[in-house]
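For clarity, chains are labelled A, B and C in written order, and residue numbers in each chain start from 1.
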Amino acid sequence: MKKLPVSKIQELFAAIRAQQTLYIPTDDASGQARYLPWQEGMELTHALNTVRSAKDFFFPQTENLVEFKLKGKEIEIIDSRTEQDDFVIFGVRACDARSFTILDKVFLIDPIDTYYKNRREHGTVVTLACTQPEETCFCTTFGIDPADPEGDAACWIAGDSLYLKARTEKGEKLLSALDNLLADADEGEIAAQQKATRDIAQKLPFAKLNLAGFNGENLNKLFDSKKWPELSEACLGCGTCTFVCPTCQCYDIRDFDTGHGVKRFRCWDSCMYSDFTLMAHGNSRNSQVERFRQRFMHKLVYFPANNEGEYGCVGCGRCLAKCPISMNIVKVAKALEGEVQ
Amino acid sequence: MQELMLAKAKELLQNGTVNRVLGWQAGEFVYDITPAVFESEQDLDAGFVYNEFCGNNLSKYLIKESRKEGKVLAFLKPCDTYSFNQLIKEHRIIRENVYVIGVPCEGKTDGETLKSKGVKGILGAKSEGDELIIDTLYGEQRLSKRDALTARCLTCKSKKHVVYDELLGEEGEEVPENHRFEEVEKLEAMTPDERFAFWRGELSRCIRCNACRNVCPACSCEKCVFDNPASGISQKAAADSFEENMFHIIRAFHVAGRCTDCGECSRVCPQNIPLHLLNRKFIKDIDAFYGEYQAGEDTESRAPLTNFTYDDVEPSIVYKGGKK
Amino acid sequence: MQDVNQFKPKIVAFCCNWCSYAGADLAGTNRLQYPADVKIIRVPCSCRVNPMFILRAFQRGADGVILCGCHPGDCHYTTGNYYARRRMTLLFSMLDYLGIEKQRTRVEWVSAAEGAKFAATMNEFVAAVTQLGPNKRLEDLRCKN
């Protein structure tokens, strides 16, 4: 484990920036926390987490896939991909770091999504341990330790020091390049802070949230629950929950007609939208109840059933904070508890 | 007030005036309140709530609710009644199937607003005089009620209901000095370059979640043009600045003259884009060009965009200037 | 000789079938000159023009958009242009509010007898847009290359 004084954090950023692009969570002009490329003087946000998740780095909201150009009777096919430069994301929280593992399970299984893989390979994730969880946090439900985040390298800010620890080869490489800034440190120095964070995590409103029974075996029971219409009654059918979610990974592929060619792009889709799963024969989910059910069944039942019990949620709390009508995965899980326990 | 409303709701359920109640349901915290339909007294006792966090405008739900069997009781705040009236005018709500009870509103707050004031880890809140005492994970915090108000409530246009079958509590007053066009004027005073930079900064954050559209009581089309893939619209792709401009201009234009300025669009925006500033620009222009008009104030008058006079201003007023 | 590098704006002109389109016709038969980069789209009435049409024209590469209809009072459908007048006033004001150059949009009333006015209007509008340069603020980059 290494450390450096927090007062020198800008020097650390400058040193990373000298090698590759660095993104940090910062407050933008409107006062919202978001990841922006670090420039001199840019400071870390005080907010616990960014409004949008960090999945954008590997799975951007819109991504060009391929272009077609018409030349007489010929169609030219152009791979619009550009070689990705190496980049570092600093300050990713434990929940978002776990979301990458979940996205990997979708995009890096056969057939591998080469667009995602390309970005993933070039990105180094530096996580930052939480010290002040919000009431909407429930990452511990999914076995995530906010005081000991995953990632290529992890950081802790305790007292006047920033502690860093490499967890993967990529992390080692990054830290060894910064060696002249860093001093050696002992793991014990962060123990008190970790304990404090874990104590708060124990006291969070959803610390006791129990997802036992949400698995493939109870699929039919949950699917047929009478609670769905009531739960989804107020749902507006907007895409807020899916777009702020770090693990939602559905996308649509569309063609944009430029007038002299076609640009094929993919963009995030939302199971809450009326044209989601629209096919030639029509749509298999025609009501908001069905769409709503799909979102939560996917996260709490289908995903764990197909991925050794791993849920499609990391408990970051974004949907809890952002849903216009305050309906969310926790309320759904609590309402359906009775069906399976 | 909540007790009064509960008693009233139960009474109307009992005597058969209505068979269900549209109101607000308590959530896991103090602020995460969900609109809900209550069908029995037990339901009401289990979750009905009315407090300073009940900001959702319930009018739009009545489009669907008023088409169901029986009569529904709807609790509407003053600004909700404008939306309700506007929907009546557009024949979207079946009036006979709704029993409207006007409830007073002293301005609302929400979780996001409290957090923007630096409150972290909200566990609970109670009001005490002019103050909101917020219980948090990190100790107790106090905020004056005025500071806790959402942005839209700071420029409230009226605390008076424009429609109701019955009123609970004291009727409020209109607020003529609401200063709601101040922000618009500030933008108008900027140079076009500054305005362009301002709106690019705001609109580029749009994630095309459509929450602004879906929550809007004026956006009640059965099929939105932005949901029609055949219309050539990249509904979900926040790919290009053009798409963002297009969506937000057209969204605001489609509700121009019908928007009651309830402020739901800005409330729900997960990216905090001040969308109400687009709607207010239209309201301000309509007032200036065609005479003062408040959508939802009545159910008979013609809306500004379905009306005209022979001596309306010419569009050249925009690019040449001239009398307003 | 004309400078080949000189910026020549693309203009979309929505013309109502009954007055302005006929006005354009008259300008043609009278051999009045106006720039060839004005592309006319015939619409049944000026009020057929949806605000989206104007934005779409900009998206697809227009540098200026002009709407021409019958003079107020002369609408073939009696009142169509009165509605168009209100819509366009509000739309143009909104575009200005978003910081888009207000000289790029215009409404002119041109009757079937006003061939000369049609040509003069187009010449003037093209000159104004030429001065502004290419449309950057409402362009769609995807259409460019």
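As a convention for this text, contacts are C-beta pairs under 8 Å (C-beta built on N, C-alpha and C of every residue); 3 or more make two chains touch, one makes a residue touch a chain.
Treat the numbers as computed from the prediction; the structure is a model and nothing was measured.
Interface comparison, B-C versus A-C: the pair with the greater number of contacting C-beta pairs is B-C. When every chain is represented by the mean of its C-alpha atoms, the one lying closest to the mean of all protein C-alpha atoms is B. Separation between the centroids of chain A and chain B, computed from CA atoms only, is 30 Å. If you average the CA atoms of chain B and of chain C, the two centres end up 36 Å from each other.
Our note on geometry: chain A versus chain C, Cα centroid distance of 47 Å, whole angstroms.
Each of the following residues of chain B touches two or more other chains: 232, 239. Touching of two or more other chains is recorded for residues 256 of chain A.
Residue positions of chain C with contacts to 2 or more other chains are 142. Those residues of chain A that touch chain B in the complex are listed here as 29-32, 34, 48, 51-52, 61-62, 132-135, 200, 203-206, 233-234, 236-240, 242-244, 252, 254, 256-257, 265, 267-270, 273-275, 278, 320-322, 324-328, 330-331, 334. Across the interface of their complex, chain B is touched by residues 51-52, 55-56, 58-59, 72-73, 79, 82-83, 85-103, 105-107, 137-142 of chain C. Within the complex formed with chain A, the chain B residues making contact are 27-29, 31-37, 56, 61, 111-112, 115-116, 120-123, 136-138, 201-202, 205, 207-211, 213-215, 227, 229, 232, 234-239, 264, 267-268, 270-272.
Chain contact summary for the complex, chain B toward chain C: residues 187-188, 192-199, 225, 232, 239-243, 245-246, 249-250, 252-253, 256, 278, 281-282, 285-286, 289-290, 304-310, 312-319. Listing the residues of chain A that touch chain C in their complex gives 256, 258-259, 263.
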